[in-house]
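Heads up, the next two complexes both have chain A, just with different partners, chain B and then chain C.
So, the complex of A and B:
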């Protein structure tokens, strides 16, 4: 197999990079070991939510307060703007308009009743929680507790009341998942039967918070339609994986990639590279019975950090970058990997590959190791996407930078 | 390398597999790959309680999309297939219908001498009703037509061309041998257009239908026989091309993953197997593919079979079809056509197969292509029956483009 550019990884960084390069006319192969963070996240674009543990109100201003070596410092504000502008245009054209801007963070409501700081959210999650707020679950849906959500929102000073909406008769006679409910809501007839019960549950409220299950296969149309049937603004709360807003986004990327003729391959991880001096000439990936080589001119690694499987943490305390064997900023000691809080500051989450201003991996002296390899997204050293709330921002900004770098000069 | 069942430990319960399962999307009878696979596995592994796996497992079509979507490398579909074999074992083996539909080579052997009669009988509605009642094969399910002439008898009268520059062995499988010798003949002609001499090593059924129906013991004896038969070709000529994506995939990976055959002979054979389109794209990569195709002015829809995705070779047929001038190719947006080998012919699963295939059938109805292209035979039969359109193996399209060039 052959491609101009092989992009490894199908999370927020890999999908954006592959799409942008293909839009610029490069012939791209997208290789992934499986689905990525789109399916796990809140379906938002986090640019910078916290610095030094403190919530950030104005993400662009806060970029300066980030420590040296942070990916944002390497690529600059312009790439951040470019990344988000492109993403906003792409998603709007795909029927997945986002709301929000880079100047000021907003609070995205979650199933736990927290308001997580983020930059852009899909339109169904964008409504303001002002006035009387009904927190409505659909009867029988087990991934959302309206009581818990409302209780926490009240603590934040929001006038929230829990409620439950009955589901109309449908195909499922057992417990069901959010995806199944979302597929049902894709159907206009189901929405018409669902709306009266939802309207009763939201009666008297100025806005209703519901779990993020309002359709998965038809963009935001089911949300808009249901909202007009109910007559009350509906705001989706982020729920546990799989992320339905993330599935919508993935579907939009997939459709765009196929339209652009991008080949993609899931389920077979890239396991190595072939080199000629300081250039990668081919990517090796697992096949059913053989390792296969795909020749390429450029390689983009969007494989993620430890959680995304881009980096392997070894028993001896060393860390390995899985595709090209790049050096990883390590800890030398396994005890240093972990922090004390599960979802808190975890040093291992910040492990990554050091790169230069053109996102090429560097050795300890700062010289580029491989001339035609770029690293994007969570694989990069110097940031912790979870604790900072910077995952999609870094992904889109580094994708923007790579798109600019690899399309400025024609393919060799 | 981890054993299939050990990969269950890598599950992080993220539910990604459940989002891609085409079966649980259309029926409650199958709760979803995560529940049956890594979660159910916790109760099946280690401690043998003597309980059979849950019978809902049998509704897994083994399409494998869950395994490909998993970000953590859990072999969800394969875990389910191994558990199904235990379910079948606990039941005392396969039921008669599954015994029969799992042995295409035997069916061919019995029906071939009377092929026209057998085909006419099987085309009669009252017969299909009877077969459904007595056997559990759905009256609406696509049935391949027995060919009066096998591929191997065609090959005996076929002359090798002069001036060949390479040799490849052809694993044609049961479909090309018994039902669609025209596909096998197209494979041979296309390879010959590329300077290859094609050998026909002695071979039998790969055992895939037995494996996917859950009779691993019978599957293993088919597998062992076939490995022995193909072992020589793995050394010389060293390349074994397969035109059935699912049988090729079985040889490449499933003997090892499912049947636990990991000996040197099995490995040698599995590493020599190439899907025919994978092989041709490889020639193109080296600049040695004969690209002199005549135009085919038509619109085609290409549907990649699930089992092709399990090869990990991308979509080589799309690359090849793109070389045919005039041919407009639209890509299927469906994950699975529904039939998944013998799954869709069973009376209790036929409607599920039709519901799963609806995404594809809707796309076909909307774009009205002149024909459909698909690498896998059971998918071709199912799609042809369901859409009324001709469905070709990609190599048949290439064969035509060469012939008119």
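So, the complex of A and C:
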């Protein structure tokens, strides 16, 4: 097999990179071991939520306060703007309009009643929590507690009251997950039966917070429809993985990539590369019964950090980049991986591959190691996507940079 | 403010020994109160590998211990089968091991009354398919697994039904003496925040590795040796029964499957304080490498966590404050009853020191026999025949939680998928007054599994919030997460590192929790268990 560009990884960075390159006419193969942080995140676009632990109001201005070597410094503000502009256009066209902009962060309500700082959220999560707020769970849904959420919101000065809405009779009354409930809500008939109970639960409230399960396969249409049936603004609260807004986004990418003719190998991890001097000539990936080699002109690694499985943390404190064996700064021993507090900073989360301004991996002296390999997203050294709240921003901005670099000259 | 209680006997220490002493007294009709500084089983009783000894581990070097073990193994199976996994054990001889030791082992078991059966290597592999292919000899012994918390809960329920009292979170703060007699024990009620004085006729010191501290308060010298043992918890069982190396006991020679996990043990190192439960990474590596010689799959397996416990070793001639660093395996694992009247001129206190979980009932019988004689109580010991509440369920089956979920069709009701904890169990625990996730964990095993509470902790916090408008359940959640995190660093690499960062991404990233309300030392005073 062969491709102009092989993109490895189908998280926020790999999906955006593959889509943008394909839109620019490059022939792309997307190789992925499995799902990434579309599924495991909050379903929003974090650009820069916190610096030094303090919430950031104006993400673009705060970029300057990040330490040297941060991916944002390598690629510059223009790439950040480009990344988010493209994303906003792409998602709006796909029926997944986002709200927010780079000038100011907003608070995204979560299942625990916290208001996490983020930049863009999907429309169903964008409503303001003002006036009387009903926090409504769907009866029997175990991944959301209206009591817990409302208690915490009240601590933030929000007039929140817990409530419960019954579910109409359906196939899953003993056992259901958020995804199954979201699939049911995709159905217009189910929504019509659901709406009266939800309206009773939200009666008297100016806005209702509900778990983020309002449809998964039909963009934001189920949310808009249910909201008009209920007659109260509905705001989705982020729940633990899998993120249903993230699944919507993943489905939109997948549809777009298919439309663009991008080949997609899902479930088959890349396990190595073939090299000729300082160029990678092919990527090896596990197939059903053998290892396949795909020849390529360019390789983009979007495999993630340790959390995303792009980097293996070894027992002896060293770190291994899993596809091309790129150098990653390790730790003296494994006690250095993690902090003494779980909710504090975790050094391992910031581990990654050091790159130059064109996102090519560097050796210790700062010289590029491989001329035709680029690294994007969580794989990059110098940032902690969780603690900073920068995951999707770094993904989209580095995807923008790679798209510019690899489409500046005509293919081949 | 001080309140006063009166009783015949105060038992100090809420490990298995202390609770067994209390039960023995209760069954002889003696009124007694047990005081424990934390919760039941938070010392050595909660920090061990869970082996119900057949005695075979001691058969070569310490036959007195071996005989005690096999007797009590038989007794516990009768009185507390519901706390025991009847899984048996193997001793396996590997290529570098000495065949002469195997002969001594078989002879030692015979002399100690421990039934053994030599298996062909083919039969050993049928029984334990993951056993190393190069095993040379294998002997089956009646080892088992025992859940010390289940045993403690069952014994405590029994004594409370018989009118005795268990006071947890009541650290002892002083002993009142008049001449050669103790007249009262002073404790601090850590929940109510007040001191209490318990007037008593007798005191039994069953504080295990901390017995020396109690001795000091009573004014009698008592030197315990703290023998630290490090254990490693693997994310799955690997073996059907216990697997031991057939060699002189050494580091990393035992694998005990327990509930959903396997525990690798153990080291044996003399440390200067029983509170030293640190886990050096090198010890973790050694456990894994040594146990992987018996079961090679362990080498690439997923490690959940590691912990250390402190063996309560007593050596009469031990020099005060004995030197740290030595191997403590040479100290006998049998137990000793100390009558401080003849030993130290303190008329009404006994200490029970040494021993091990398997022999806790026998230890209690020995000390209470001596005490009863002095008290003039003629009721004989009945703990070996009176079965414990819950015993009618038979042995614990590892698949019992799954069977319960199947029976109740409670799939959608699962709060903790790893340990199959249902909404009903949590609801019941909350209704019984539990307010801390940490207590829920000990009670229903919530959060023990491979995901280390990533997906159950917030669900359970939600149920606590539904149960009460009081308190701040999110702060309670943060406290729980920080407590679970302690001591994990030495076992985090590979898949478990990804799990840790995913959990971090959920709680810190999605939920934006910051743990601001949890002080750094919050967890330091609260002991934490292994499995």
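The rule is short, and it goes like this: the second predicted complex is superposed on the first by the 410 of 412 C-alpha atoms of A that agree within 3 Å, B and C clash if a C-alpha of one lies under 4 Å from a C-alpha of the other, contacts with A are read in each partner's own complex, and residues count from 1 in each chain.
By our rule, contacts are C-beta pairs under 8 Å (C-beta built on N, C-alpha and C of every residue); 3 or more make two chains touch, one makes a residue touch a chain.
As the structure is a prediction and not an experimental result, all values here were calculated from the model.
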{"item": "Partner chain in contact with A:265 - chain B first, chain C second, else both or neither", "value": "first"}
{"item": "First, second, both or neither for A:335, with chain B first and chain C second", "value": "second"}
{"item": "Touched partner set for A:309, first chain B, second chain C, both or neither", "value": "both"}
{"item": "First, second, both or neither for A:171, with chain B first and chain C second", "value": "first"}
{"item": "First (chain B), second (chain C), both or neither touched by A:241", "value": "both"}
{"item": "Comparing the two partners chain B and chain C, which touches a greater set of residues in chain A", "value": "C"}
{"item": "Partner chain in contact with A:40 - chain B first, chain C second, else both or neither", "value": "both"}
{"item": "Partner chain(s) touched by A:289 [first = chain B, second = chain C, both, neither]", "value": "first"}
{"item": "Partner chain in contact with A:1 - chain B first, chain C second, else both or neither", "value": "first"}
{"item": "Common interface positions of chain A, toward chain B and toward chain C", "value": "40, 172, 174, 241, 309"}
{"item": "Chain C residues within the chain A interface of the complex", "value": "281, 285, 409, 411-415, 423, 454-455, 458-459, 461-463, 465-466, 469, 472-474, 477-478, 481-482, 484-485, 488-490, 492-494, 497-498, 500-515, 518, 520"}
{"item": "Touching residues on chain A, where the partner in the complex is chain C", "value": "37, 40-42, 53, 110-117, 140, 142-145, 147-148, 151-152, 155, 172, 174-176, 238-241, 243, 305-307, 309, 312-315, 333-335, 337-338, 340-344, 346, 348-349, 385-387, 389, 391"}
{"item": "Chain B residues touching chain A - in the complex, by the definition given at the top", "value": "14-16, 18-20, 25, 28, 31-32, 67-73, 249, 251-253, 270-271, 273, 281, 285, 309-316, 318-319, 331, 333"}
{"item": "Sites on chain A touched by chain B in the complex", "value": "1-2, 29, 33-36, 39-40, 171-174, 177, 179-180, 183, 241-242, 247, 255, 258, 263, 265-269, 285-290, 292, 295, 308-309"}
